[in-house]
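Next, two complexes with chain A in common: one pairs it with chain B, the other with chain C.
And then the complex of A and B:
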């Protein structure tokens, strides 16, 4: 029987959100994952061994998955009287592939905003160039808050079968992060014709104009690989808060920053002049089909 | 134009089409001026002063262009209701006004306000004064009013703590 690659899930400073996300994976995909990989340790699951035993053994790890931010400061956070960075360094020295699962592991996320400890950062930054340059493969960043479970599984399966995965400048897999969240949003027609929703929670309208939606400037496949296989935030009516980008979290995430009624930021790669030319004309037309409620329910 | 009236209809299918082309033509001249000013590395206040001067120079040099806008385009909306409604034929110019206002507000030179109220302060003052010039009621040369009008526009837009 072929030996299954060993996977270890390590948690740093985290809310556990990516663990929740992983456990919400499509059941048949999760089954395939468990049949294809050997999950030797996860802090939230029952496993046959514990973290320190693995660290102190000669056992090698094929895929080290890290959830949460990293810090060397034990004043605020420690695991088994070790700093997160100390344990991480020991695990990295035994591992072939390093995968940062989530925004906190990728670049520090919300924890990096904690002003009393400026040591909190992501995996890649914490390890430094000296350590990461020795790795067989660059650190893979799966940004998102949380990461879609399928992004985790797809990444593992690709690397397992091909030994590598193509990454963008933020070390994110290009297969998952090459398009914008906007791509595939069912509200795109409202975006094209600049139709704004009256308030939160409506089926109609584009959330970019007033509600802070970052879909047109955020790279993710949220509207291509749907959540729970059925929906996405923006389709449902919750603006994209840009959680796969390194400036997340930002202030006032449910408001569109405007200057004299004009969005301060325009869709990625489009000049402000081009964007304003198109929207100025689009706004001119009042298309009743898009102005009306999609469904008028009987009272 | 050294062209007979009849010959015009070899190029335009109707009077309405000719009218639409004329408004696009005249607007694009002003839009090109404002685009050039927008691309200058000067403050938004200076941009208002420079554009106002250029706009008035155009009014003096080619009064028929502004006259056409004021007396034909704004007064005969029914002619432009099909294919030239809203910003459709004046989009290039409106875009440049948007860029001027947005950049001024982002640099905190202009205060935050609704786009249309800001737009009307800008274009209302320029268009109104061009109308007065066309009526020959001004006591001084048009260019002598340029900085005063620009100052008024700036004061209507400027940032306040």
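And then the complex of A and C:
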């Protein structure tokens, strides 16, 4: 690989959220990234190049980063008077590593919910097996809506030094997507002792029981590599909405789907029987430290 | 018809088509050819899920969509005659989120989007503004990233958090959180003083006449110098009518038509689609050329955004600049950067007003999905201007959802008889460069425009 691998950022059907997430990277990490890679094109950042010139040149791309979903339809969406899929295919033929940045590029994401265009999908699916089987490396999916900037940088740095990265069944790097969102959540003790918050807007309680938190069923590093370097949704009190999984967005994301008062889905890999046994035991203890407010400010 | 096919470095993609007569632009079309169908997606979804969907309309102004959405959802209660209490603390935290996101948007817009075009007008060396490599570009992305940490302290993350909901907010900040947020705002103030204006923020906020511009010594001085040398103070003028939809962050809602200020009657806001594609049609009629709709008030086009807010709210420095240079591209950019100073001090004020002993959330007595029918709107002032969400619910599901974004006000295709606000500003341009800088002065966000 080149000392400074060439990176091209291509946008399909997107809200640009992953671009703005990237711009929120830790500034010194961002500088390291820009010094270590040659960002030859990004539709909203670079000024010296244009996409069609690059496509028509002999220039090879080391990392093709794709933000947004793919479609071959041009009624609803076109870029530079081409379909998204058309440009993607042209770019893929010049690229060594293909990275889907975000849930939309990975599997269609929220944009696939627009049913008037039934052709919206992710990069891997759009390219099809025939094309992707010829690639030197499998398409890398970085799911998340948006993706965390560090997940992008770490993936690029690993592949730059190792030439490859191990992926799970959803084509996500195992280094980033093996743990659950739940891991590292500061509300974990409330989960262990089955303490529900009274309602939204509290520092206390686990959001799994009523608020719809998908933390124990979702693979991500959200509570390991903190967002904007400082926090995560579940830490502050917003349930995980499972945006790194391919069933995002689901229905009723801010409440827990329950059967006779028990969460319909239990933590990943735990049998319902095991979950219910532990819950039953934990709930018999009323631990006052966990029932009380963490901090009582004077009025 | 000469075409500047693609406008580079915007949010999404837009095409600008110009018709010339005697080397002057006689007619202009702004074409938005991409449509993602958020209003269609939302139909049939549970009402609260709109809080997850709508921020994803736009990666740069998701907080504005979230707040507009939550305002609309709360008004569903009101319009169904159900009492709903929202703690003052929650309202302040929501405003803080909107203010911080707007700051991020303004700073990134100036350095990443408009300055690369502005400095290209000049033969002088402005290398530091060069995207990706220039020190000023890097400094702007650094401070934007730092400011957003402040939002993540109470929003969990940015972009795309949904921490607001009917009844309040999901977070419950500690005193340390508030102090940390204030620290990040202070970093923003340092940036404003050292990099952007070159004067202290307190001195800047005292500016009240057009000559005060000469006190600027930092990057805004570069902008001013190039503007005057290349006449940005004379280009980009439109109807000189301004519209502010929401009373928020100290901005006053209202409109200015020539010299008459007035209140807003929502019934007079009308969307039109004379030139806009129809998503459900199998064949589009030939006069349709864009996915953007157009919106007017009382059959007149208005400009929305930072200039409108500064003028309707009566901020003295911008009023003085506007008096001299009207609604020019120069006034438009200065208004947006002036709002940086305004919002930084506003954030400090909001943080000081938050009483952490109050609740963050009061659970509504009724769930939204148990309200048989209701219809409501929610409004907010987003970075680029007035944003409105209209929602209708029936039997626990969203029946209809309509978005009118700031860029529809500014960049919509106009009516059969009159050009839209940005179109009018572009007509009369003497070069492609002039036309594109004028268009960019409105901040072209195609993702919001067509949604």
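Assume the second predicted complex is superposed on the first by the 295 of 299 C-alpha atoms of A that agree within 3 Å, B and C clash if a C-alpha of one lies under 4 Å from a C-alpha of the other, contacts with A are read in each partner's own complex, and residues count from 1 in each chain.
FYI, a contact is a pair of C-beta atoms (placed from the backbone, for glycine too) under 8 Å apart; a residue touches a chain by one contact, two chains touch by 3 or more.
Here the structure is a predicted model, which means the values were calculated and not measured.
With the two structures aligned on chain A, chain B fits next to chain C without clashing.
Within the superposed three-chain model, A:253 lies in touch with chain C and out of touch with chain B [touch as defined at top].
In the superposition on chain A, contact of A:281 is made with chain B only, not with chain C.
In the superposition on chain A, A:15 makes contact with chain C only, while chain B stays out of contact range. Of the two partner chains, neither chain B nor chain C is touched by A:224. A simple residue count on chain A separates chain B from chain C, and the partner touching more is C.
When the two complexes are overlaid on their common chain A, residue A:238 makes contact with chain C while staying clear of chain B. After the superposition on chain A, the angle chain B-chain A-chain C between C-alpha centres rounds to 120°, nearest 10. In the superposition on chain A, contact is made by A:264 with chain B only, not with chain C.
In the superposition on chain A, A:31 contacts chain C only, with no contact to chain B. Using the contact criterion defined above for the overlaid structures, shared-chain residue A:273 touches chain B, although it does not reach chain C.
Of all Cα pairs spanning chain B and chain C in the superposition, the closest are 16 Å apart. Residues 11, 13-21, 23-27, 30-31, 34, 39, 43-47, 50, 76-80, 110-111, 113-117, 145-146, 199-203, 222, 227-238, 241, 243, 249, 251-255, 295, 297-299 of chain A touch chain C in their complex.
Considering their complex, residues 5-6, 8-13, 33-38, 40-41, 45-46, 48-49, 51-53, 56-60, 62, 90, 108, 112-113, 116, 130-133, 138, 141-142, 144-146, 148-149, 151-163, 165, 167-172, 174-175, 180, 279-280, 356-357, 359-361, 363, 447 of chain C touch chain A. Chain B makes touch with chain A in their complex at residues 85-88, 91-92, 94-95, 98-99, 101-106, 110, 112-116, 118. The part of chain A that touches chain B in the complex is made up of residues 258-262, 264, 272-273, 276-277, 280-281, 283-285.
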